[in-house]
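Chain nomenclature is as follows: A, B, C and D, assigned in order of appearance, with residue numbering initiated at 1 for each chain independently.
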Amino acid sequence: MMALQIGLLCGLVVFSLLAVLLRDILKAAISLAVASLLLGILFFRLDAPYAGAFEISVVAGLITVLFVVTIALTKAEGGVHESRAAAWIFPLFFVVFLVIDFLVMRRLIGQVASLPAPAEAGTFGQVLWKGRTFDLIAQVGVIFAGVFAVLALFRKRSKHE
Amino acid sequence: MTPQTLLIPILLPAGLAVVFFLIPSRVKLVREVLAVLGASALLYLGFVFFSVRNLSWKTPWLGRGIDFDLRLYHFSAFILLGLTGFLFLITLYSTVKMRNTPRLREYYGYVFLTAAMANGAVLSNNFVPLIFFWGGGLLTLYGLITIGGQTSHRTAVKSLMLGGFCDFSMILGIGILWAKTGTLTLSEISVKPEGVLAAAFILMMIGAIGKAGAMPFHTWIPDAAVDAPVSVMAFIPAALEKLLGIYLLARIALDFFHLEKNGAMAITLMIIGAATIVLAVFMALIQKDFKRLLSYHAVSQVGYMILGIGTAIPIGIAGGIFHMINHAMYKSGLFLSAGSVEHRTGTTDLRKLGGLSREMPLTAFGFAVCALAISGVWPLNGFVSKEMVFHGALETGYIIFAIAAWAGAVLTFASFLKAGHSVFLGPRSQDVPRVKESQGPVVLPILILAALCILFGVYNKLPLQTFITPILDGHAAPGEHLDFTSHALSVFNPVALISIGCLILALLLHIYGWRRGGKKAHLASEPVHTFPGLKQIYDLAEARIFDIYEQGIRFLRSLSLVLFKGIDRPIDAVYDKGVTAVGRAFTRLFQSAHNGHYANYLAWCLGGLLVLVGVIGWFVGF
Amino acid sequence: MNIKLIALLTVFIPVLGSLTIPLAGRISRQARSVWSVLLGAVTAALPLLLLPFALSGKQDIAVRTLILGLDFKLIIDPLSVFMSIVSSFVGFLIIVYSLGYIAHERHQDEYYLMVLLFIGSMMGLVFSANLVFMYVFWEIIGICCWRLIGFYREKDHVLKADKAFLMTFFGAAVMLLGFILIYNQTGTFDLTAMRGTLISGTAVLFILLGMFSKSTTMPLHTWLPDAGVAPTTVTALLHAAVLVKIGVYAFARLFLFTFSLPAGWRDALPIFVVVSSLVAAGAATVENDFKRILAYSTISQIGYIFLGFSVYTPDGISGSLLFILMHGLAKAGLFLCAGIVIHATHKRDIREMGGLIKTMPVTAVAFLACAFSVIGLPPFGGFFSKLLVITGTVKAGQVWVAAVALFTAVLTMFYLLKVFSKVFLGEATETAPEKTRGMVFVVALLAVLSLLSGLLVAYPMKLVETATTSIIWWNP
Amino acid sequence: MIFLFIALPLVVAGILPLIGKISPRLLPDILANAVFAALLAIALFAGPSLIGQGAGLQPFMFLGEPLGIHLALDGFSLFMLAAISLVGLCIGLFSVDYMEHYGHKAAYYALLLIMFAGMNGLVLVTDFFQIYLFLEVAAIASYALVAYGLGHEELEASFKYLMLSAVSSAFIVISVTLLFGLTGSLDFGAVSQALRGLNQPLASGVCAALFIMGFGLKAALIPFHAWLPDAHPSAPAPISAALSGLLIKVSGIYALTRIFLKVFGLTPALSNILMILGAVSMVVAAFLALGQKDIKRMLAYSSISQVGYIVLGIGLGTPLGILGGLFHLLNHALAKSLLFLNSGSIQMAAGTRNLEEMNGLSKKMPVTAATTLVGSLSIAGVPPLNGFWSKLIIVVALVQAKRFGFALAAILASVLTLWYYLIIQRRAFFNKPDEKWRDVREAPFLMTTATVVLALLCIVIGIFFTATISTWIEPARDALAGGLQVIQSSIGIQ
């Protein structure tokens, strides 16, 4: 069991690192999708079905599609140029970050008491409606923002130039 | 005679000066008449004040011890009389001599302003009004010299710079005196010149001898002789400045500081006096221009006065002061006679003049009397005052000063023989056209001065008793009876015999020089001029090496260059270049970190986070 | 009208009036000229009403409390009245002079606005008794000074204007830090409450930096000669009459009237300022640009004013106060003569000029008179101020410092006479007639005033005396 | 009533695209500006009374179900709301003319309103997760707005901005989850009580570090500032004004202040960290700004530097320090948005952002020149204007807290600030008029009114600074400082 867990985690880290470092934007988008897929699976294994479902559908699905479409659209003007110099800086910092993160989290795990099941542990619906109703409004805002962003970015270029 | 009348000798000439400035230059006659009338009124006032003798008036002026304090006492009354006398003679002389000069309106204005300033300086009994009037004279002198001609402004600046320097050192002296004694009133100050007060003495002395025109501040006088109008030379360097300068020096030596005999201060005074006598007379001897010759003599004669006062012995001081008035008379006369020669012939170059005694007998006679007086020939006033100075110098025990005085006497007589011979005696020179004697107002002052020289010499009891002796009343050692008239004219004592010997020596020197120069009087001084040792010194002097003004200006220029290049520009460079360079360096340093790579920025963020966690962890203590 | 109201009006009429000048400019050029001269005249007249009050030596406070201890407080005492009269009078003269001088330049609205704002904030600074509001007016003057120096908008002119603004802003910012240190020590910004308190050495150093940057003394002085690029009326206003007097006034108000300095400073300061004035005099002798010479001369004369104040003797203080008046008149005269000469010959280098006395007699005589007053030769006013400063220094025991100061005076005489002979005497290179009558009239007036202030020195001296006695709280 | 701040913009944003179909330009303009005006009116007039009755918790009925909406309005949030809507109104007015040639105004206004809704929401909520949510709302809207020009440069800049903000949001979420793990709840009050209860110094330390990094990046403090100099210049002028004037302050400084002063408690260690971050940003960004050629990049770096001032002030923790920091926040918001709007009108009129090509504009654009002068001098801290008073209060607070090093740094940084603003003046306006701008006309009416309003505000606040402080800033400081004493005693991180 643990081997699968660790395998998934390593896969997640590798793919997200690739997403950042890959030159070609298309491959980067795809590796980002794979990473979020692995994350979704992890959520399911930690019996957080809703989170997993959201993760796969929204991130793996919608955002990847979004990326691929924009990249395709902007392909005409050439990918986002990224000069090659000092390519080693980021990986170095990333590795150092991982090591320290590992140390800190190891100390933390011991201290953080496992969470008591939340009192009103109702179904996802009740929790969402009763306790976190306000988040819905924020969620509405996020969706609006996403939609209008797409609307604005892909508007007809007629009047622009 | 109410105390306010003391203001008249200051306000009357000042008012007249303003009037002269306002009268349009076309109206000549009215100006001349008004000038002479004004001068005569002042002369009458001089006599009236001399008879009143004691008067003082004081009003608060700037507060804090500075008040407008005028005091007439014996010495200042005597000087005032002298000043007004000379003003009268010069004004009379100028009516004719200066009639068609361009800036006549300013000339009379400045002359009367100078008179006002001089009277103010003599009368003031508080240092601030004294220095106020003392410095005022500088500006009018500057104006008068610029009237002389187009290129005369350089000499005017020279005189102003030298006068200004002496003025400022006097201010410092006054400051020290004020700080130490706490009062500015002249009559209340009398201190011993030690420590910082010695410095004050030196500074005040610089102020006095700077005004009197002694070494080393004399160098503007010979230049002014050529550039400035001759009446100005006769009025200011010859008479007025000597009177004021020596008046202050006498008061410094007598009233403010107790100058004890052979003290350090007295020695310095005597050295300056002796040096001035010898060096100036050497320069005078070789001059080719009549007026420059006279101007160097003016400088040389001051040496006698300073030497006299420097002896700090009653007879010496009395001699110095008596010599002051005598010198003012005959030097002014000599300048006026040179002026009348210039008035008629148009030139004062000894080479071009000759044999004028027949055509200008009165001027020649006046010149002769004054020349003999300045040389110290027996019955005249020059002899009497020089003898007193010689006695004083000998009594101090330092023979060197007496020898210098005698050497001066020799060369003075030699140079006047040369001047007189080349201008008046000898063959009639062809370069100069037929001339008549100068008009009355030109010749009259010369004759008056010549008469005075004779009077003060022969009947010397009058000047000594009335003018000089009362000055020393408070200062003579107790019990010593101040009477100089007894042996004034006696010839049969060692000092007089040496003096007469010197005159004979000078006569022989002149005859020898005259014969060597091929019977040309103006070459009479060539033997001395070409003397091996002296030749180089003379050439250096001609190149103005010893001129304190030239050296001073060169020093000021180099100092300013050092200050400017050494301090000012580097500070400016710090701002112009330094600060901007530092700013740009920092900017480039930080800009190098922003190369637009997204990965870099992410690295920065992670690095920042790690540092934060590290710091907090350290605080919390892992 | 009571004293407080007059003081408030003196400050706010020019400051608010200056904002209305662009409107007057919209109407017509004449309307603007008349309006600005009127404002200048009112600002010059109002302090004169305070004269009787000041002569009585009394002191009055007008206060409007705000929050955080920053209450807007005006102090009306002999010192502030004296300063306001001197600055506003010369400022008014300069406004009249500039009517002719910049008649055909662009940006005239901005010019008059900035000049009047300058004079107004100078009045504000002189009357304010709160450190922060003194700083506020100090900086407003900095802005006006920056806009005025860059008036011609040439490339290097604006560079120099920026340099001047940055140096004065740096000095002022550090000074503000000094003020805050004092606030930290005493808990208040109000001067009247802090009379006699001893302040720390660092606070003194910081405040001195601000004063030296504004009154151009040694380390922070090089922006003044560069600011010569501004129109002459501005350099006259800046250099002679108003700007350079701010630092000196602040020194008097802070280090004499209010605080006492730690021991070390009292004998270090005179030496420092004398060296600064000597260096500036040296620089003036070497320079050849007409206005740069006069700028360095100002730096040198300011050294004297600082000297008089920093020796802490009554003579020195009244000498310096008198110096402010005399130098204001004489130096403004010199600059305005320079303005007429440059305006006529369009040349700035004195070696190229010569013989102008034939075509410009009045300007030449006025220049000579003002030069004599700056040098300190007797019949002119400058003599008394220099005399008192020197005797004050000697009384404080600093004889060597006085000697150096006098040597600087000789140097001053040398370069001013050199300038006069080079520009006005000698053979005439070109015939340049004297420009507008108004400008010549102002210059002549300044020369006559310099002479009269010398002859009738007793009258200004009365006010100076009361100011000195009101300043001194320690036993001399 | 306060729920309107979020609901009104969201609802109007929703319907705008539809209205956009009917009248593409006129109606959206009016509607958007109407919303801004309404919000400003509420904040200015209704606000103070709302604070009066406590924390403003009111149950909100929605279809009969009591919705647990906890919106807290105290002095600090009201101050922020007023600032947001004030600057928002000016930006709205400016965009009416400026966005003409960008096209599809309805979408632009919609995104703008959503961004403002996000900001308003963030200011009002008292729940960690909701802070993150509204943060994301505002962020996503701003990514799109930065890229609104659709040019290559805009896209790249917005991509960089998006990626870095995504990283910072991720760290914020991690920290929120950690806190939720530790304390079992997300509400500020509850979390602060719980944190005081259990002494987990390392855990709360890590949370604090993550928060500082996350919100530091949003506030563009130095190590995390890199996105700002690229995002702002390429964004259209009103958007860079909104970003620089408001977004970095609301999503960065407001969140930091709220969390550290209300929840974690400003311990000496934290205050030192914040002050060092502030001071470093202040000085380094000032040097960076010196070397810029493009006016908007210079203004962007200047924003980083001024944010450094604000964090320095608030990080000090003394009541006077917070007062100074908040006052500077308001002044900088006004002045910086004014300058960005002006750079927009210059770009629209002269077509260039490069300082070298820009000289000689003062003749043709006098109003813009004057307002830029007011804005620059205000930020540089030159007295009669508002910037000076806030910097003065900050330096006084620093000196009173015996932090002389920081005080000196603050003074030197303000000299540097003046230096590069003089460079702008010298290059753009304070020089001889240039022939190439012959046919340049002054910016259109609405744009100039917006900038003139902001400039007048700078002057008025400068002169009547005491009134502004006592009515707006002091209630905000009391709201924060009130919480301070309570927390000061808590153990938390020493």
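As a working rule, contacts are C-beta pairs under 8 Å (C-beta built on N, C-alpha and C of every residue); 3 or more make two chains touch, one makes a residue touch a chain.
From a predicted model like this one, the values you see are computed outputs, not experimental measurements.
*Asks:* Comparing centres built from CA atoms, which chain ends up most distant from chain A?
*Replies:* Following the centroid criterion, the farthest chain would be B.
*Asks:* Where the CA atoms of chain A average out and where those of chain C average out, how many Å apart are those spots?
*Replies:* Those two chain centres are 68 Å apart.
*Asks:* Suppose each chain is reduced to the average of its Cα coordinates; what separation in Å results between chain B and chain C?
*Replies:* Averaging C-alpha atoms per chain gives centres 38 Å apart.
*Asks:* So the centre of each chain is just the mean of its C-alpha atoms; given that, what is the distance between chain A and chain D in Å?
*Replies:* A distance of 27 Å separates the two centres.
*Asks:* Just how far, in Å, is the C-alpha centre of chain D from the one of chain C?
*Replies:* It comes to 44 Å between the two C-alpha centres.
*Asks:* Touching at least two other chains at once: which residues of chain D meet that condition?
*Replies:* In chain D, residues 159, 202, 206, 419 touch at least two other chains, as defined above.
*Asks:* Enumerate the residues of chain A that touch no fewer than two other chains.
*Replies:* Touching at least two other chains: 104, 107.
*Asks:* Where does chain B touch two or more other chains at once, residue-wise?
*Replies:* Touching at least two other chains: 596, 598, 600, 602, 607, 609, 613, 617, 622.
*Asks:* Think of each chain as a node with edges to the chains it touches; is that a line, ring, star, complete or other?
*Replies:* other
*Asks:* What are all the chain pairs that meet the touch criterion?
*Replies:* A-B, A-D, B-C, B-D, C-D
*Asks:* Using the touch rule from the top, collect the residues of chain C that touch chain B in their complex.
*Replies:* 163, 167, 218-219, 221-223, 278-287, 314-315, 318, 372, 375, 377-379, 383-384, 386-387, 390-391, 393-395, 397, 399, 402-403, 406, 409-411, 413-415, 417, 421, 425-426, 457-458, 461-462, 465
*Asks:* Which stretch or stretches of chain A touch chain D in the complex?
*Replies:* Contact set of chain A toward chain D: 74, 77, 80, 104, 107-108, 111-112, 115-116, 118, 129-135, 137-142, 144-146, 148-149, 151-153, 155-160.
*Asks:* Over in the complex, which chain B residues touch chain D? Could you list them?
*Replies:* The touching residues are 583-584, 586-591, 594, 596, 598, 600-602, 604-605, 607-609, 611-613, 615-617, 619-622.
*Asks:* Could you pull out which chain B residues touch chain C in their complex?
*Replies:* Touch residues, chain B against chain C: 61-64, 128, 131-136, 138-139, 153-154, 157, 160-161, 164-165, 167-169, 171-172, 174-176, 178-179, 196, 199, 553, 556-557, 559-565, 567-568, 571-572, 575-576.
*Asks:* Residue numbers of chain D touching chain C in their complex, please.
*Replies:* For this pair, the touching residues of chain D are 377, 382-384, 388, 392-393, 395-396, 399-400, 407-408, 411-412, 414-415, 418-419, 422-423, 426, 430-432, 466, 469-470.
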